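Note that chain A is present in both complexes that follow, paired respectively with chain B and with chain C.
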Partner chain A sequence: MTTLTEPVLETTQPGRRQRASTAARRASAVLLGGLVLFAAVGPLLLADPAAQALDRYLEAPSLTEPLGRDEYGRSVLARLAHATRLSLVLAGLCVATALVVGTAAGILAAWRGSWIDTVLRSVSEVFVAMPALLVVLLVAATADGGVWALYVGIALAQWVEYFRMVRARAAIVLGSPAVEAARLLDLGWWHVVRRHLWPDLRPLLTTLASLGMVTSILAMSTLGFVKVGLKPPRAELGLMVTESFPYYDVAPWLSLAPVAVLFLLTVCFLGLRRTETA
Partner chain B sequence: MNATALTIDRVRVRHHGALLVDVADIAVAAGRPLTIIGESGSGKSLLAHAVMGTTPAELEVTGALRLGARSFDLGDRRGRRPMWGRELALLPQEPATALDPTMRVRSQVAEGVPGFGWRSRGAGERADAALGHLGLSGAGRAYPHQLSGGMAQRVAFAATTVGGARVLIVDEPTKGLDPVALEQLADLLAEHCAGGGALLTITHDLRLARRLGGDVLVMRDASVVERGAVADVLNAPAHDYTRRLVGAEPSRWQLPWMRVSAPEPEGRPLVTAAGLSKAYGDQALFEDLSLTIRAGERWAVSGPSGVGKTTLGNVLLGLVRPDGGVVEHAPALRHGRIQKLYQDPAASFPPRVRLGVAVADVLARHQVPAERLRSLLAAVGLPEGLLERLPSQVSGGELQRLAIVRAMLPAPALVVADEATSRLDLVTQETTTDCLMTELADRDCALLWVTHDRDLAGAVADQLLDLGAWAQGRSSPTACCSSTK
Partner chain C sequence: MGVLSSSAGPARIARVLAGRASQAVGVAVLVSGLCFLVVQRLPGDVAYRIAAGRYGYDLVDEEAAAGVREELGLDRPAWQQLLSWLGDLGSLDLGRSLVTHQPVLSEVGYYLTGTLQLAGAALVLAIVIGCTLGTAAALRPGSAVDRLTDLWVALVRALPAFLLGLVLVVVLSVHLKLLPAAGHGGAGAIVLPALTLALGLSGLFARVARDAVVATRQSEHVRFARTKGLSERLVLLRHVARNAAAVLVPYVGVQAVVLVEGVVVVEALFSWQGLGHALVHAVFWRDIPVLQATALVLALLVVAVNTLVDLAGLWLDPRPRQGSRP
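Moving on to the complex of A and B:
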């Protein structure tokens, strides 16, 4: 009958919190766009990040070199652009792989059930039991610091999260009367994925993916920082922080620049999330 | 005895200038029930909440009411709070959701006793007495989810009346109740009245209005269109709308698709079920049940709630596996030629996709020309603009008609309607059923209607399978298959 909440819901104006959250998302998107542009265009325009000029050792920032030069006289700005590009590309690859694998496995487990579900769930529980960084460390250690090892390690550590969330959510959707009706209408699996599962999972996956970008970028730089990840002379944010630490008192810009980029990337990806789980 | 307990001089409820309720001069006398009937959205429930003072703050309420000798300004929501439970009480819609799911039944009822204190013994005893009086003495330690719909309704009734309120307002009490539970509830309400209480009932169920007697108000579009004694108004309605409402009761239907007698069983069998049995835990729903549904036949499965009607429907659809026995579908039912209509149509469409997109997938899969969709929409009286909306933005009646259109697109040979109209008010139920049955009659499609409403079963079906009678008597299931004519 007349539900009392109906007229109330219809006219709810976007509240101040919601407007603030939209503004925060827009600001994050603009800032992130700037960082992506820097990572995409910077390496093409700037000098070779590996070119050494030992006579310009620890040069202070100037108009031609806005971030100065490091202990081998390499341009910090050029190195930063390369490092940011590496972080973004590698994190994007890891997240995309984890998302596709985890989502597909989650839907498969929820759909088929029985032994497929049991096997996939057991495998995922093994990964849950191990700390994510340990998984990355194990893979990175066996493959001796290559980019590929890092990629495989991080993707392996992350797919579980997508798998578990998607499996739980998809089981609810697949058990709903709407999907039952679709089956009776003989609409096929593609309709169920496209019209039922995907619209329901999309907000969940975008939130997980933006969090996943943060975790991947931080995992990479953490490994670089403890010297297990990528090896010098490659420009990588974590490595740049470690390498510059000995010169902190004479050239603070050296370590502050990569830390600032890490901080901005994290804030932007976290700010992109929607607060309401639509 | 006939002292006026509650007088509503005038109530107006507005929302952003739109008038939702505008009613004057309603007097509820002690011992004489007053029932307000009308269609969904006519403002009946809002009226009840305006009287209680429980309307949402966004709604602007003006007017005045008198409780005995005291008068209250309706605009002041707080003024009536001291009266709640002591003088004025409301039995809410959907008691199963109105009860606290985390509290045992006895403590919920005890909270309503005047002078209730934590662990006060007197309150607990009063609660036990109230529950015992309603035949629920065993249920005191149960949680609400362990109760049937009828039992939850009676617990809510105990919690509402334990405070001794003389004026009782009952909002839409029959939603989802089977006839047995409806009888029990009507007895309780009548008893409240006979004991000198005043009763204001809001319902769209004319059977309850007749059962309670007293006076009736007919509401439409925020105002009262007719009032008088129940017998006068419902037997000789003066207003056009009341006439439509009374005529919309299934027992009074006279529609072109209704059959005078059941046709001879000559069609080819579509669903053949033999020796079916199904149990949930220890509770056996049905055992050794056999039936054959032939092309063009119209079946109804009836019985009180919890007897396994819906489960039987799903077993026959092939959605639920029976514990024993076999269900055979004829090849004519393959590829979407067996369809189901749901009690809640909103749940049967993908919730985040526009209706048009969901229906377009059906057109593409079954290679139905768009022309056919357009003619079907026109036949059930739906505008094409409806397809632009999401399921949550369409009313229940319209969405059920769209569900009928969708079910018709694959040209089905059998449609299973699971309580397909039980959430709709009478007039909407009639139009919706008419749409479905006209479509079915046009293409000689078979029907299995699962319902607890015997009048509706009689109107739409030729053969009736009464699961309730079978479960009670444990008689041979075939004896419960009878002609409805």
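Moving on to the complex of A and C:
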């Protein structure tokens, strides 16, 4: 039922706001595509991000080196490409893990109910009250600057959001007459997931995932910034901001480049969402 | 159930408190367990790290490390350490800092005042900024003020706390030289960190306040108040404010998590003497007792704020509800 009505509803309300929002989403998608391309191709074409040239430290931007060089004479453009790739890949992994775990747990809780639901819900109650950064910080503390700990921490902090939303939504869908009919016809659980749950959950999950990308990227750079995340000399956006800030007076492009990338990534992922959910 | 709970106010309060208390216990066990994992999975020898924190990197040798290991019982098997660990937590004995050798409880008490000052100032500032913007936008939906508020909400959402803080430092301290950039104690020191936190929080408040005020102003009872001949200001104060507040207050609970995350970042950025600052340093020095205590207090702070929010919600909107929470 819901599969039929939802697309119809969407197309019958072409208000001014709606058109503006589709334009904004298209612009974000194009810009994000550019950033992804930069992150994917950049590290292959550009110089080694760790190659130092101490005689060329804090060199101003030029045609061959569009973003100049940092305090060790490393190419800022190359470092930026590697940092962007790291952020996108790690955030994508975290979001994918949290999404799969959270959605599976949510559907399980809504479907089976009883003690499974009770246990999962009380576990989620605890995680809801835990600030994500605290979880990530504690897990990150277990390994010195390890990418692995960062991944586990961020995924662990995020699954609960998917769980709660999916559980609430799936309970409604599973109680609908359509699913009841499917059960009477004995169509199997896979049919219910594919034809009833998935079409209903998909818009919700894409919105949550784009928000999750923002949260992951910002959490990573924040930890790098307070120096408990990834360790130098790895190129990471938050680390690049901290490292370059002392040179803000003489070489502002050093700090502005990673800040601009962070800001653009955030804006793009926020712009991709279907509706404003704050 | 609905009829019962509407007449029995204390019963509902008790239910809220019981739910939050069990949440607090769960949070405490989770934080403590994670901290224990931190200890177990520490890279390198903890004894050396602690000795370095105590005596300085140049003065650490095998003897100093062995002394530390003996003193703290670091050579026992893991399960024994976990049992004594949780037992200590149960009896509220949080131990002494491995670095400064002060009792953790007194250190945490000191840091907690710093954090509460900062968080309180930020929350009040955020609500004032957010509600002012939101109400101004709601009085003329679709106007320039409304659009500017929309832009503000989006901009604040897209800037993480540490970038916002850096922007404020660069603009207000470096270029305009109005405020001190970092530190603790001077009169103006709290302004920048509190402002950084408040701006980040104000976006959601502005958005929620706008929608709540717009919805309340269109309701029947506000139309009746206007028909009665009350002035626009009185309608806003008497009839719109409380109803909009009932919608707004639960979002303070949602924001508590964001606030605590912000506190960690902002305190580290401005070296404000608070729990977040202590937490980051504890991670850096592997000072596990302080790490556990600060993380515990920060997490419990979220539960405490949410408890207050629940109680305030019951007071502001005493209508019967189905179930306790969705």
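We adopt the following convention: the second predicted complex is superposed on the first by the 262 of 278 C-alpha atoms of A that agree within 3 Å, B and C clash if a C-alpha of one lies under 4 Å from a C-alpha of the other, contacts with A are read in each partner's own complex, and residues count from 1 in each chain.
The definition used in the following text is that contacts are C-beta pairs under 8 Å (C-beta built on N, C-alpha and C of every residue); 3 or more make two chains touch, one makes a residue touch a chain.
As the structure is a computational prediction, the values presented were derived from the model and not from experiment.
*Asks:* Quick check on the superposed pair: does A:R195 touch chain B, chain C, both, or neither? Answer first, second, both or neither.
*Replies:* First partner only, chain B.
*Asks:* For A:S176, is the partner it touches chain B (first), chain C (second), both, or none of the two (neither)?
*Replies:* first
*Asks:* Given the superposition on chain A, which partner contacts more residues in chain A: chain B or chain C?
*Replies:* Greater contact footprint in residues on chain A: C.
*Asks:* Quick one: classify A:D48 as touching chain B (first), chain C (second), both or neither.
*Replies:* Neither: A:D48 stays clear of chain B and chain C.
*Asks:* Is A:L184 in contact with chain B, with chain C, with both, or with neither (first, second, both, neither)?
*Replies:* A:L184 contacts chain B only, not chain C.
*Asks:* Could you give the residue numbers on chain A that contact chain B in one complex and chain C in the other?
*Replies:* On chain A, the chain B and chain C contacts do not overlap at all.
*Asks:* For a test of understanding, state which residues of chain B touch chain A in their complex under the given definition.
*Replies:* Interface residues on the chain B side: 15-16, 20, 40-46, 49, 55-56, 58-59, 93, 171-172, 175, 202, 204, 317, 319, 335-336, 338-340, 342, 344, 347-353, 357-358, 361-362, 365-366, 406, 409-410, 425.
*Asks:* If we count contacts the way the header does, which residues on chain A are in touch with chain B in the complex?
*Replies:* Of all residues in chain A, those touching chain B are 1-5, 7-8, 11, 176-178, 180-182, 184-188, 191, 195-196, 199-200.
*Asks:* Given the complex with chain A, which residues does chain C contribute to the contact?
*Replies:* 22-24, 26-27, 30-31, 34-35, 37-38, 41-44, 153-154, 157-163, 166, 170, 174, 203-204, 207-208, 257-258, 260-261, 264-265, 268-269, 279-280, 283-284, 286, 291, 295, 298-299, 302-303, 306, 326
*Asks:* Within their complex, state which residues of chain A touch chain C.
*Replies:* It is residues 122-123, 125-135, 137-144, 168, 218, 221-222, 225-228, 238, 241, 245, 248, 255, 259, 262-263, 266-267, 270, 276, 278 of chain A that touch chain C.
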